[in-house]
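The following blocks contain the structures, represented as structure tokens.
Across the two complexes that follow, chain A remains constant while its partner is chain B and subsequently chain C.
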Partner chain A sequence: MSNTQEFKIGADLYSIPADRFYGRDNHMWASHDNITGNVTIGMDSLGLASLGDLAYVSLQPVGTKVTRGESLGTLEAAKMTGDLTSPISGEIVERNDLTVRNPALVNQETYTNGWLVVIKPSDWENESAQLVSVDELPAWVDSELTRYRQQGWID
Partner chain B sequence: MTLPLNSEIIFHTPGFRGYKTDEHNNQTAVEEFVSVSVTGTTCALHCEHCDTKVLRGMTDLRRFDGSLYDVCESLAENGTRGVLISGGSDLQGRVPLLPHIADLKRVRRDLGLAVRVHVGLPDEETCAALGEIDLDGAMIDVIGHRDTIREVYHLAADPEDYEDALSWLEKYKVPMVPHIILGLHYGKMLGEDRALEMILRHPPKLLALVVLMSISKTAMANVTPPSLDEIGAFFQKARKGLPSTPVMLGCARPMGKMKVEIDRLAVDAGLNGIAFPANGIVEYARAAGLRPQFVNACCGVNW
Partner chain C sequence: MELRLITQDNVTASFGLSADEVIGERVGTGASVPTLRLYTYKSHCGLVGRFQNIQNELRLDFCKENNITVNRRPTGGGAIIMGDGQLGLALMLPGHAEDTYSRARDLMLTLSEGIIKGLNELGVNAQFYNKNDILVNGRKIVGTGIHRAHSGSLLFHASTLVDLDIKLMLQVLNTPLEKISDKQVAAISERLTNVRRELGRDISVDEVRQAIARNYATTLGVELVAGTYTADELQAIEKVETEKYLSDEWIYQTSSVEDKFGGAKFKTPVGLLDIRVALAGETLKAAYIGGDFFAEESAVAEMEAALRWQSSQAEKVSAALAKVYQRREKDFNGLPLEAIQETMLKAIGNAQLVETRENANPYDPAA
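Take a look at the complex of A and B:
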């Protein structure tokens, strides 16, 4: 298994690293730190490709309790204005104000400096099992690419 | 502050873009207003500001196994109430609607959907055919300077050609929904005044004003839009020029903080509606004494 799943949209090459988990529908990535137990959250490149450039990001404050599937912030992008939904439940223990000040960072450094929040999970063991993991990644990326193309969200 | 005609302001949120703020959510179970591209993401012009990017996100007729009528029938069965028929342009700037006229007549007559069309720069034959459909409106981007038409649209046409198109639409009694893109000439105001003058000579159903929105991976990705002063002044001029015709702030404009300022200028100028308002604008309008209404469809569509 390669450590990155790559795909093309038009002439552009995108990647989805295999070292983390992904929300099946909301295209949020979740990277678990085995030492602290905390989980860093961001958006994946396929979700971003369908949204276009991010122009505005707001994030809930540190200390906020979030529930899986509910809002951890909001975004405004070329193709959507709406919620950033959390892939897991827990408490926000850190947020990336750099992305609030410069939302383009999420597009430009998606899997590194473009992270959004760090969550102290309340039920990682069970909730991570519902996320897309490394074994499922190729099939999930293929099916999502098909779905996005059928919807006309990407080329 | 100028209050609009009846102290009501309409916020439009057509379904081609997900929209959820503290003040409104268009993500209902039913997608009420759907845009369909008859050319998919293909366009012969590759305009500097768009380069086909705006076509993405529309339902692609070419990927559907059936006619335009079949697509619309399928949408109607799922609760859709109106459609925007759009597409890329041919080398003459026309959205190729003529092959779909018979379907569109049936969509209107048999399905009862509200039908809007993007026409590009239509010829007389297309305008005449559109006059037979009972359209809700034909949307046309009116460009008032030759350099913009040539350099941005890559189109061998002149402002007079746009005036001809407006004349034909008027002649065939097609409800016109002209758009003026402020700053279309690489962020500079150039032909906007002339575009407005042309529109005033051919009374529209409504006028939609939009502001150049820089789109990544286009030639205008890093273009600076017109200043807020220029935008606000043009809003006032359009309002004054069309005192009894709805003037709306349409879908496209810079996002983020500038969007908030533009939307406030629209409210202050007494425009009648705003598409996809910035968060907080509904309350801003209410504080100005306006009664907000919401319609999940293009500007001016009323069910």
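Take a look at the complex of A and C:
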């Protein structure tokens, strides 16, 4: 298994690191730290390719309890606003204020400095099983790209 | 499918925004039926986009002195003025969870189609442009925004300029202009238009409303059923109005994204180029390309529209400018593309150097 899964939309080449989990529908990534047990959350490049450049991001404060599928913040891109939904349940223990001040970081450094929050998970073992794992990654990326093409927003 | 049509006039900003949010959310859960609201606000109100810093976008002192209410939309985009000459539209449709982020770009086209076809039917040559603008020959006539509610449903907001008092708009929107001169009003009217101006007649807001409603029925393939709010909806709307849209916490909230303003000038062989930009962080809110060169105003306006709410990254800006230039090169009358690109990037660079709380958004009023 290579370290990244690459795909192309038009002339743009995207890569998805194979070292973390992905939300099947909400295009959020979740990276589990085996030492602390905490999970860093961000948006993945498939979701961002669909949304475009983020103009604004707001995030729930540290200490907020979030539930899988519920809002951990909101975003605006190309005049579309909506929720950032959490791929897992737990408590927000860290928030990336750099991305709140400069949302372009999410587009530019998607898997590194563009992270959004760190969550202390309440049920990682069960909830991570519902996320896209490394083994499923190539098939999931392919099916998402097919779906996007069928919906007509990429060639 | 049936689509409930609710028409209203003289609506307060707090009620109207609350109604859109509440019904939008309820449509997603099945508690309300899919709805199209076509309404006018009580003259006048100033509305900012979901995340904007209101004190940077609106002249709050002027608004207070002149009984102009201010509020914040749940949808994105820039600051606008609304009143009896601006037709508001809120389309609330159920969505699908798996579409949370996908299709964000082409949703705008699908949801805008009823307005475009409606205006076309009236004789206005409105066209969809650059993913989220509706223009007539380069001039903006409709502003749009989308909010995906927590329940998965979609709220599509649009404001159609049936008429517009540009001078009042400049007094309400916070611009860096010390004095509002005829020259500035003339410059804005080259970048904005309205239905009455395009048709050369005093068409009523209701006639525009009926044309747009008819065309939503056709483009969405639905049957329009005139209706009103249910008692449950009214109760929920009043609750959200009181708790949110009448609260300072919502209206006056601030964003951590810095508003920035900058400009640059360059002498080209065909005249002076004077470019000004307004940024929210790294997003271009507005760009104004002025000077004393001779170019077709609609081509310049189209170039400005191509940059609105786009990334200010150099390669993206240069590519957006080149795309318009290639299509309309002869309308620029020898003004070199490279000069526009370099001056634009310099203006952006200057804005990023000098961070200011002052807003400069005079040329994107109907965002």
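As a working rule, the second predicted complex is superposed on the first by the 152 of 155 C-alpha atoms of A that agree within 3 Å, B and C clash if a C-alpha of one lies under 4 Å from a C-alpha of the other, contacts with A are read in each partner's own complex, and residues count from 1 in each chain.
Following the convention adopted for this analysis, a residue touches a chain if its C-beta (ideal position, glycine included) is under 8 Å from a C-beta of that chain, and two chains touch if they have at least 3 such contacts.
The shown structure was predicted, so the numbers you read here are calculated from the model rather than taken from an experiment.
In the superposition on chain A, A:G52 makes contact with both chain B and chain C.
In the superposition on chain A, A:Q150 contacts chain B only, with no contact to chain C.
Taking chain A as the reference chain, the count of touched residues is higher for C when chain B and chain C are set side by side.
Once chain A of one complex is fitted onto chain A of the other, the partner contacts of A:E76 extend to both chain B and chain C. When both complexes are overlaid on chain A, the residue A:L13 reaches neither chain B nor chain C.
Applying the stated contact rule after C-alpha superposition, one finds that A:N102 touches chain C and leaves chain B untouched. After overlaying the two complexes on the shared chain, residue contacts for A:T85 are found with chain C alone; chain B is out of touch. Looking at chain A, you'll find residues 52-53, 55-56, 74, 76-83, 103, 107, 152-153 touch chain B in one structure and chain C in the other.
By the touch rule above, chain B contacts chain A in their complex via residues 17-21, 27, 37, 40-41, 53, 56-60, 63, 213, 215-216, 254-257, 259, 276, 279. By the touch criterion stated above, chain A contacts chain B in their complex at residues 52-53, 55-56, 74, 76-83, 103, 107, 149-150, 152-155. Contact residues of chain C toward chain A in the complex are 49-51, 74-77, 97-98, 100-108, 131-132, 144-150, 255-258, 280-283, 309-311, 313, 316, 367. By the touch criterion given at the top, residues 25-27, 47, 50-53, 55-56, 58, 71, 74, 76-83, 85, 97, 100-104, 107, 147-148, 151-153 of chain A touch chain C in their complex.
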